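Got some structures for you, see below.
You will see two complexes here that share chain A, one where it goes with chain B and one where it goes with chain C.
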Partner chain A sequence: MQKVLVDLKNICKSFGDTEVLHDFNLYIMENEFVTLLGPSGCGKTTLLRMIGGFDSPTSGDIYFDGKLINGVEPNKREINTVFQRYALFPHLNVFDNVAFGLKLKKMEKSQIKEEVEAALKLVKLEGFEDRKIDTLSGGQMQRIAMARAIVCKPKLLLLDEPLAALDLKLRQDMQYELKEMQKKLGITFIYVTHDQEEALTMSDTIVVMNEGRILQIGTPEMIYNEPKTRFVANFIGESNIVEGKMLKDYLVKFEGASFECVDNGFSKNEDVDVVIRPEDLEIIDAKDAKIKGVIDSKTFKGVHHEINIIVNDKEYTVHTTKDYPLGIEVGLTVSPENIQIMKKPGLNTFSGVMDYDGKVKISDNIVLDSESELEEGTAVVVRILTGDVLLDDIDESDFKGTIKDIKKRGIYSDVYVESENIIFVSSTSKVHHVGDEVGVWIKPEKVKLEVEEDEGD
Partner chain B sequence: MKRSFSSWFLPILSTILSFFIIYIPVILIFVMSFTYTNSLSEIGADHLTLRWYASLFTNDYNSLEIASRYASNIDTLKDAILNTLLITTLSTAISTVFGTIFAIGINSFSKKIRSFLMMMNNIPVINPDIVTGFLLLLIFVLLETFTGLERGFITVLIAHIFFSIPYVVLSVLPRLKQIDPNTYEAARDLGCTRFSAVTKAIVPAIMTGIITGALFAFTMSIDDFVITMFVSGREFFNVSTWIDNSMRRSYIPKTVYAFNVIVFSIAFLALIISKFTKKQSKGELV
Partner chain C sequence: MKATKSLPISADKNKKLKSTKNYAIPYLVWCFVLILIPSLVLIFIAFSTYDFTSGSDVSFTFNNFSYIFGSEYAISVFWPSIGRSFYISGAVTVICFFLGYPVAYLMKSMKPRVRAIIMGLLVLPLWSNQVLRIVSWRTIFELLQTNTTNFYQINIIIAMVSMYLPFMILPIYTVLEKIDPKIIEASYDLGASRKQTFFKVTLPLSLGGIISGVIMTFLPSLTSFEVSDAVSYQNITLLGNLIYERFRGTGGFNVGSVFSIVTVVFSIVGFILVMRVDKEGETLI
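Let's look at the complex of A and B:
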């Protein structure tokens, strides 16, 4: 069984008044290639510096190999770092740079020589021992920085955007080499980057971060194909994100047409975001299509054409290898497995039926008060913000439910309460526990109703 | 088009003239350090001699045919020369170490605090020596009343260290900004302690800046007159305060000329060597 190497528990970090990491939890297995991916300022480098020992968390614990290392000095950690601009020592030649760590370990001279030569061979810079640092190219400096770190045989290697300063071709070569090196050495890598392509190419696991929080953790395939939030979908490659409605399980409606999809577990008529990658949209003949649009602009991108199509005043981006003339009407289609459905954040959506006195019935025993004056028997869509779903003592409440799941969102949590097979999401800063029974209470003025349109098909 | 007479004549004339204005005193002192007499009009008829140079290194003035009115003066001059060399060496060494430490410290602060500290550092640099000297005198007088520390070697040394440190900081800081901001952390990462990361990674990387700073400190200290004058008390002299003192009450032995020529030659040589080595390495020696 694989062992947990790094365990970050409830890490918070503030610089003055700005909080850069909010209650961060993450564990990393041995031999894993983990990438922390996010825009600049998302806290990824700060996190790396804390693991390396150059910063300490404001609160929270860092475990390495089972031991708490919060106060351990960087030189006492079995961790080495490859810095963004390499931080090679300009007064030493290549050999002395690579041997720097070994000399501090008081290793035998002959053994140092052996180890340095092996490390230089690994990074394919044999024979560079006597070169001065300022005679090296960017790519060579990057390799020396790698060699200097791995020659110390750390259990964990931290890499802070090490390829950012290299040109495209070299960067692509190095991505492949880094992955190979990681496999060969069997060292755990934590790699920090804002480049989604790097992350997708090299990682075993990607941690997508923004504003000091984890948005999604998963394999590159999972992150790319099933982004959980609008941010992840946009950050990892291009996406068309449109509003839609789940008519029922495996059927979603957007742009006035219904499509089969592979997602379930939403309530009837729940508002959702629909994500379709540009390469997953297909252009077909307009007369066969459920969605029609006009080609507005196009750009040649080398491998593919990027075509922008206007559908109902909304722009869709399509990547295709075929070229189409501007201004013609085309149809769009997408296969079910390429439609990704995302829950809209912060909103509960249910379908219900009006009862007497503005009461709305959303299941046999769940009846909510509202301020509506709609006629009895009208089918409605019920929308309630997650912040307006209050959890309280059972006696005081509208109905009771069981807590199924709690997702931390930093200062507050999303609590998933199940009652008669309906899930209510409540955003609260109070502490709750999975499995508890709670009362659910919603103020009548917070219950928003909309007459349900008659869905023809 | 033919160039007019004034277009080439005036620049050449002004160049030659300014060159002479700068170097005539040097040349004059150089010539007179090899002659017996003090009088300019007798130079042509005079014999050349090395006895003023010899007088720097011997105590037997009779063999050098030096008049007794000079002899006692030469002895106090030698003390002054030794004082100058001792003060300069010590203040250069100490202010280089402290200035480097200050620069590393200043560099590690945030930009806002750093610019404030640099302003504080620059005030002694732009402050006129006469103000600095007077302020230091006030402090040392105060110190004397409380601790009984008399003005002399120690106060001059402290004053020289005080005015040299800002120059070291000024020449080390730009080098620190040039090196990779993660250099210290890289050394720590590879196993250095807090202290050895500074001595093994930072100091070698900023060595050219430190040497420049040391040269600054050296030149500031060796020719200082104004501040030394204020803080040296009545008994302690360096070369410049000694010359000032001698000029007022007695003759100046031409040993001073010899000493000046030696100092100038060393400085001139150092300049040429640094020019020569600069071509080979990227280092920025002054």
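Let's look at the complex of A and C:
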């Protein structure tokens, strides 16, 4: 039975007015290789620093090995870090760098020597003990940083983009070695990177993050093959993403044709995004195909050709080992299991009337604050993303409502809240129950207004 | 083709290098006229019997050097003064270090605005006339009624510390500021407490700055004459005062030059020390 090693509960972190992490929840099992993957600024490094003890959460709890460690100093945590630019001690030689943590533990000299030698052997730098740090190459420094951290035998190793400064070939070799090391040592790794290839190669579990939220958690295969959102699909490898309509379960319509697929659980005729990986599209004879297009451009990529095909003014990218001439008409086909259907980001749409001071009235008693400067009495269309409808305690909210329905959407749920016969949809990862009364709260800057046209749309 | 193409480029480069070299000429002239020539003259006077005031015959001699070893004067005045100079400048340097290091250390973690203010306060006194500052100290000691024989040495040390403290703080701060914060975090990460991190990481990494600071306070306080002159009413004689005496009056140039050469030897030893610790010279500001 595996046990939970790290448990992050409702972590929020703000620097001044900027919120870096929003109500972040994640648990990590023992011996897991977990990668936090996301673009720079998504909060992944901040999260890692909080686990290491170099930052503290604005609110929320961090549990390590069953104990709350919020206020514990970094030197008292059984966690070690491999820093992004290695952060080796320039005034010490290789031996003293690696022995730094052991000396602090008041270990016997002979034992320190043994442990350091074993660690250097593991990172394949035996005999480097007396070398000065400034005589090492980037790859060697990276290995010393690894050795310095693992020699302390931590329960958890944090790695902050450790390979970012290395060249491509070395990076690929190190990816393999890191994974081997992790298996050999049986230490839990939390690895932070913005490199999707690194994440896919090494991880047991990938946590895709953006703007301080988890977008998807899963094995590399799950993340690659079944991206849950447009962002994940784009971030993990290349993708063709087109708009489609779910005609019924297991049948989707896009590019004017209907295709069998393996997805269900959408409402009838729901607008969806259809994701197809470039390597899953097949080029066939135009007369046999439901999708027809013209080859517009192509690039030879070594293993495959990348071919861009224009279909109904949209560009599809196909990876194929066969070469095709430019300008010819071809057909495209895809097998049902390679069509990935994604729910469109939810949107609440209401009609309303402007009140004083940018307030907008959408029913008798529901008045929302907005940042608009439209004149009083203007009829407007109000659009609010489902992710921006926040459910909170009743006293701190704009108005209250009753939960009518909850639909699970992977890691988050769409909660349908009714108030004065108006339904608000809120996408949230918090747990709610049908029938509960909740407070609804929407930040003024998230309320998007558009003047309603007189002559319809 | 390639050869002909590369020729004009390299010729152009040489030309550019030559033209930028020209900008260094004023400084080279300055060095020659005001450093090299006076140094040679100093050595010449030290090894000769030449007397500037009477214009006597010139002959080579070691007498000026033997004077500082054998004479009654050397035993009763010269060497005690050197000893006193080392004692006072040593005390000044140690006090500056213990006062200055914490300031430099705190400055590193301050908000930029506060740091700018502290930096301003450090540098501002350097803009006022040095003699004025020394005289102010004398006035303060007079007001405190500590201008008595027992307090002369302490007064000199206090005045010199105030004079040279910025030269201790600034190089140490420069070095501390360059330390990658990640290295400090790495130390905590490996289990070191704040105190252990300071002594095992921060302090050794700031050694270059400390040595620069030590040299920059020790050497000027070793050769200073104005402070002891003013604050002790010429009752305490330091190395600087001896040299000053010789050159102010008449007829003492030869021995005065020997005194100066002794000081230069100390300076050179100091710089060799700095170069050994700080090879790139980054701590010398």
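Convention: the second predicted complex is superposed on the first by the 349 of 457 C-alpha atoms of A that agree within 3 Å, B and C clash if a C-alpha of one lies under 4 Å from a C-alpha of the other, contacts with A are read in each partner's own complex, and residues count from 1 in each chain.
FYI, a contact is a pair of C-beta atoms (placed from the backbone, for glycine too) under 8 Å apart; a residue touches a chain by one contact, two chains touch by 3 or more.
From a predicted model like this one, the values you see are computed outputs, not experimental measurements.
Once the two complexes are overlaid through chain A, chain B and chain C clash, as defined at the top of the document.
Of the two partner chains placed by superposition, A:313 touches none, neither chain B nor chain C. By the touch criterion defined above, A:288 lies against neither chain B nor chain C after alignment on the C-alpha atoms of chain A. In the superposition on chain A, no contact is made by A:364 with either chain B or chain C. Of the two partner chains, both chain B and chain C are touched by A:152.
Once the two complexes are overlaid on the shared chain, A:91 sits against chain B and chain C alike.
Across the two superposed structures, the residue set of chain A contacted by chain B and also by chain C is 52-54, 73-75, 79-81, 83-85, 87-91, 100-101, 104-105, 148-149, 152.
Listed in rising order, the residues of chain A touching chain B in the complex are 52-54, 73-75, 79-81, 83-92, 100-101, 104-105, 134, 148-149, 152. The touching residues of chain C, when paired with chain A in their complex, are 180, 182-183, 185-193, 196, 200-201, 204-205, 207.
Only residues 52-54, 73-75, 79-81, 83-85, 87-91, 100-101, 104-105, 148-149, 152 of chain A touch chain C when the two sit together in their complex. Interface residues of chain B facing chain A in the complex, by the touch rule stated above, are 179-183, 185-194, 196, 200-201, 204-205, 207, 282.
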